[in-house]
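Note that chain A is present in both complexes that follow, paired respectively with chain B and with chain C.
Then we have the complex of A and B:
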């Protein structure tokens, strides 16, 4: 028996080996190498810059210059805008598409399309819409006497322009998850609430929402991780500008690594953002595991 | 007559034989070029088959937008086995590519083939643009200056002239100072419905279009020529540190800020091509930019302006109207130093072919010219009539200075791009603060290097090809 168990373990290991190897080569090794780089001065474009161990100076550089903190602030601003609006619209759409109304299945399919498009394409689509002189958005707004608005070239509008594109793409994700949860809710609490003479709002507020909370927290958690790493749409639409009004963390890391070629500083910034995201995950997990009745 | 025919035939046989001999040299050689999708390459790309017919070497040109191209080139240069043997080089990149040994030194090849390539006929500053520590690392394919383009038809309109004189007290003419330039920009900025040269405007008309975008440091490409026109320098000659926060730099930032009001509303997003687009569509009165795209203003197939008006060309204005060295630039072809010897020889043949005087004349005569760098072409009266800006290109380069060529150019372009853009957007309150921020960031990077190295990096040693 022990022999069979030992043999099975060997077979498991053989089958697992390719996956472990791929994981090591694509995830673990790059991460270890990035960690190694974060303690070194390494300029890819300038081989004449000495590649030496610099201790924590790359981390010090990241944490003491205002640029990183500014990028962090913009990232959280964008997350706050997009997540709150996506949650609000996503839940509303989910309530709508789960109604027994004609055309809802078609609407559900159409609403899912943005989520399936590559973020770069989404960026390009919105670039055409926002384009100051030739964009459709300003063209239509001109008919109602508004604009033209410098959507992506004004520091007042640029972050909102990115948020709109992100909301357009990812609200269906919240809608889809919420709709799935809504269809699986048990009918008893609703019948009880109906007998008690509650209004539709009271039913939603005190029956539906508490039941949806774990799902909504999970959806928000997944979206938060994604929003924290947002890059493609901003790269296409504003590249962090105007000024640095849309420079999020990913763009900051990109600029350090592939514009200034300071690979060490870029690696250190990546690790700092990894720590932030781990703290964020821990926070979300804790709130997810909290008993909804107690809270 | 018979002997003449015989001589002609013998010559033809000799040329064919020579060509066949060449074909043997590079038969089977395949070259790839990492390049930009702009006139210095787009004119050549459709006819590379002719080079293959001549030499046997096959050339594939991959074209990319300017933003991000240097990133690709740096990555390519850091690879041990290169994919690209030929590289398109913007002259400010020679510092970083030169110091890292990414480009083949062309000095000896140019000296060897000086007669064949008509070295004496090339504007010397255009060759100097491509040198690093005196060694030639790339060969010009398009020679540029930064100059002003204006609406000659509007400037010549009697009503506009009278109105301008009445308002500003002097004649309407291409600006010689930046104050005049701003006056002209203000004068011509008009709303839809107002009159321009006797006709009601259907849409807003702008006095000026400059590049204010931070993307790929586009704003710096206008800021630095203006700074230079005030007599400013990039570097402190005593320390090799940043001097781009000088009085001249502040004056340049002030000019750009004052011009904001007369630019299109999306000015913060104006890249080079979007900005030139306004001039090409005849939607602005003036715009100063690199001559590489000026040729489009002469071609009705590429611009609206030649069909509705006429473009005029003049040297860049200066601070007080006294002459300052013209800011030049070169868009060039270089050879990857890691290519094999045979590939390098074939690549040099390609460069000679693609940048030859005959090729440049052919482009000019076909109407799809590039910004030229051969004196004989720029001074040709027929071509000057066809391309009036040739005269400006030729005359201004008698007194010219090259662009920045420092190994930290990419840092300068990006950092100043962001800081200037923030100032123009109103995120930074003063030009002093913006430029001081930028210089501090640059100096932080530079101060880790010894002073003698910093001074070597800013030393513009004369090109050894002339020795």
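Then we have the complex of A and C:
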């Protein structure tokens, strides 16, 4: 027995090795290297200058110049807008497509299409729609007497333009998850409520919503992580502009690293973002471990 | 409290008709049980009364009013579902309170009603638990409590005991009977279990394939079955059925000849095909010379304590007899079995209808 067990242990190490190797090369090593860089001065434009140790000055740079905090604020602003609207519309659509009505299964499939498109393409599509003079959006708005709106060229509208594209793409995700959860709820309690005379709103508020809560929390969490690292759509639509009005964290990091060639600063900003995400995750799992049925 | 009336009520799902025009009267305060094999349309009928299914045709009234088009909440009914249909995320108290929400009572009145019913059903200790933390019997009581807090005119039960074990079933059955005696509310109760039906019902409605086969008190459906279906469906072990022919004032079956009991005199035609029905306790052991006796062979005996069941072979027929356990014959013995003339039922073999009336 002991012999076999010992052999088994070495065998499973052999099987694990490729996965560990890939993980190390693609995730752990770059992360460690970024950690190393975040304490060094490294100008990508001068690759032969030695990368001297600069202590915490990169971190100081990130946390004290307003740019990082501004990007953080924009990121969370965008997250708040998109997540709340996606939740609202997504749950509404889920309630609609799970009704036993003709055409609902087709509608359900069609509504998933935005999610299947690459974000860069979504950005391009909306770029055409938002085009100030030639865009369809302003063209249609002009018919109802609105416009023209400088969607992506005005600092007041740019963030909303991005939010709309993101909402269009990711609301189906919330809808799909919610619809799946809805169809798994047992129908009898709803019949009981029907006989007792509870109103639709009461049933939704006190029967459906509490049972959906764990699923909604998970869906929102996944969306939050995505929203935290949003990049492609913004890069295509505004590149962070006008000015810095749509510069989210990932664009800030990109700009530090590959526009200003300040790899050290970029690495430090990445690490601060990583910490923020880790804190978010911990907070999330704490709230999940609390009994989801309570409150 | 209200009576329920069904007149020629039909239920169709698309082109398929599953309830074929049934007539039924449930008097005020009466306990009526819909009894029948699985798939015969009991649940469908109950759900039509509740308003969870549309009535395809016919008239359905509760009290004086036709309710075909009335919303479930306005029918004054409360329903206990087979799988209880409790709100899984709510405590027992919240489950009961939620049923009262539409009535818009004061918080004090809600608490009073909930506590009163909880006391009556012995739920007081469980009020803070959620359904997942309750046993089957406790969930069942919560489901009843939730139906009772609203003090409805009519209670509807759909197989409320089928998820309980045998012992608990007997216990809860008694509870339901007691509650009905106490509250006197009209009850329409669905089950496929004849013991439940016999013990609880004022009136039993026996259904088959979307038709009503017989309506009567438990005594009536047991001792005066209208047809062969009811005769074999009620009673355990089931009534023995023997195809026979009327010849010269005798019922002749293969290996068996019985005198036509006097009460059937003049009702039978010579040569008519009839089916003899006799319950296991209508058969007894006898000497060979007795009238209405036939030679039989004991195949199997089942000991039940006070009684024993004998699997008998009489000619080509397999019959079950219920005899005192003491002195029961051993398997393999040749005996003589006597048919009690008063226990004999006769049915028209063609139509299945009883010839007793």
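Please note the rule applied: the second predicted complex is superposed on the first by the 288 of 295 C-alpha atoms of A that agree within 3 Å, B and C clash if a C-alpha of one lies under 4 Å from a C-alpha of the other, contacts with A are read in each partner's own complex, and residues count from 1 in each chain.
In this text, contacts are C-beta pairs under 8 Å (C-beta built on N, C-alpha and C of every residue); 3 or more make two chains touch, one makes a residue touch a chain.
These numbers were taken from a predicted model, which means no experiment stands behind them.
Colleague: Look at where chain B and chain C land on chain A after superposing the complexes, then choose clash or fit.
Modeller: fit
Colleague: Would you sort A:199 into first (chain B), second (chain C), both or neither based on which partner it touches?
Modeller: Only chain C; A:199 stays clear of chain B.
Colleague: Would you mind checking which one, chain B or chain C, touches more residues on chain A?
Modeller: When the residues of chain A touched by each partner are counted, B comes out ahead.
Colleague: What is the contact status of A:282 with respect to chain B (first) and chain C (second): first, second, both, or neither?
Modeller: neither
Colleague: For A:105 in the superposed arrangement: first (chain B), second (chain C), both or neither?
Modeller: neither
Colleague: A:142 contacts which: chain B (first), chain C (second), both, neither?
Modeller: In the superposed model, A:142 contacts neither chain B nor chain C.
Colleague: Anyone got the angle at chain A's C-alpha centre between chain B and chain C, nearest 10 degrees?
Modeller: Value: 150 degrees, nearest 10.
Colleague: How far apart, in whole Å, are the nearest Cα atoms of chain B and chain C in the superposition?
Modeller: Superposition on chain A places chain B and chain C at a least C-alpha distance of 50 Å.
Colleague: State which residues of chain A lie in both footprints, the one left by chain B and the one left by chain C.
Modeller: In chain A, nothing is touched by chain B and also by chain C.
Colleague: Mind pulling up the chain A residues that touch chain C in the complex?
Modeller: Listed in rising order, the residues of chain A that touch chain C are 186, 188-189, 191-199, 202, 206-207, 210-211, 293.
Colleague: Over in the complex, which chain A residues touch chain B? Could you list them?
Modeller: Touching chain B: residues 44-48, 132-133, 148, 150, 152-155, 239-245, 255, 258-261 of chain A.
Colleague: Going by the contact rule at the top, pick out the chain C residues touching chain A in the complex.
Modeller: Those in contact with chain A are residues 50-52, 72-74, 77-79, 81, 83-90, 98-99, 101-102, 130, 146, 150.
Colleague: Can you check the complex and tell me which residues of chain B touch chain A?
Modeller: Interface residues on chain B, with respect to chain A: 67, 71, 74-75, 78, 96, 99-101, 213-215, 264-269, 407, 410-411, 414, 418, 421-422, 425-428.
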